[in-house]
């Protein structure tokens, strides 16, 4: 990671705190639906982290593969993206 | 489209019939939850169509871009995949 | 279906046309990524149909189950919603 | 939470460790795609937690609402489920 490194680390630390907060809610027997709302917030936060990592990947690794002219590297990068797409489509 | 052309067309025709079937269910005042089950089936069928189109795209257009050595074409193909990924992540 | 019946039928007819349009694109060998964009549009349209059906279900069937005081009917309605939720979570 | 309380807490603690592990990967400049794979694993783990919380909610809060015969409570429970469904549909 390059450009978004610090932003990603900051978000991950916040995320860790959010997960700990959910555990506390469960320990305090808070209402299930409130717990689910917090889980959804963590899911959304994870999506934001993914976005930052993907952007970084695109602007660095993928650009490198294009610039290098190395066909094997390009193929690897395409296949990785296709696999990510396949997983994201659920 | 190349390899999966006929398979995609066949599935799309079936899909059209499924959508028409849902309309008939609504006209016949069938139970909402049964309608929703059919809508979910159409959604799953669409996913299958997408998969076939993506595979075709990968094996032809992307391979062409790699083989050509044309950096602009490669960049376009990467950006398109990144945009598809972004949409698929929801 | 009650309130949203006509709206749902109208959307389903439009959807049928969209699916037919995608088949035409494939027959005309249109670019894969443009096909995928149209498939995504159909997916979004389906989501809109689902929303209308769910709203109708909520305002009629679920309200009926509450009003009836019939525990078995209420349980059925809850279980159906939980199953829809489970599927929607992917 | 009742039945699944301990299972949920155990999973949340593991999840916290997974998030910390991702932060470590980013600090060690690990490959973006490997980071994304771990993020996807956390997403899947969250889904598992959600499932346990929903099951608990269904077997306790929803059953209570049915048993009570309290229409307002039943309506609240239905609306909450409908809202969760709406969010889950993306």
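Order of writing sets the labels: A, B, C and D. Residues in every chain begin at 1.
Following the convention adopted for this analysis, a residue touches a chain if its C-beta (ideal position, glycine included) is under 8 Å from a C-beta of that chain, and two chains touch if they have at least 3 such contacts.
In this text the structure is predicted, and so the values were computed from the model without any measurement.
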Equivalent interface positions on chain B and chain C, same or different at half: same
Chain B and chain C, separation of their C-alpha mean positions in angstrom: 17
Gap in Å, rounded to a whole number, between the CA centres of chain D and chain C: 25
Contacts with two or more other chains, residues of chain C listed in rising order: 50, 54, 84, 90
Contact graph of the chains (line, ring, star, complete, other): ring
Pairs of chains, among all present, that meet the touch criterion: A-B, A-D, B-C, C-D
In the complex with chain D, residue positions of chain A that touch it: 1, 5, 8-9, 12-13, 15-16, 19-20, 22-23, 26-27, 29, 31-33, 35-36, 39-40, 42-43, 46, 49-50, 53-54, 56-57, 60-61, 80, 84, 87
Contact set on chain D toward chain C in their complex: 47, 50-51, 54, 58, 62, 66-67, 69, 71, 74-75, 77-78, 81-82, 84-86, 88-90
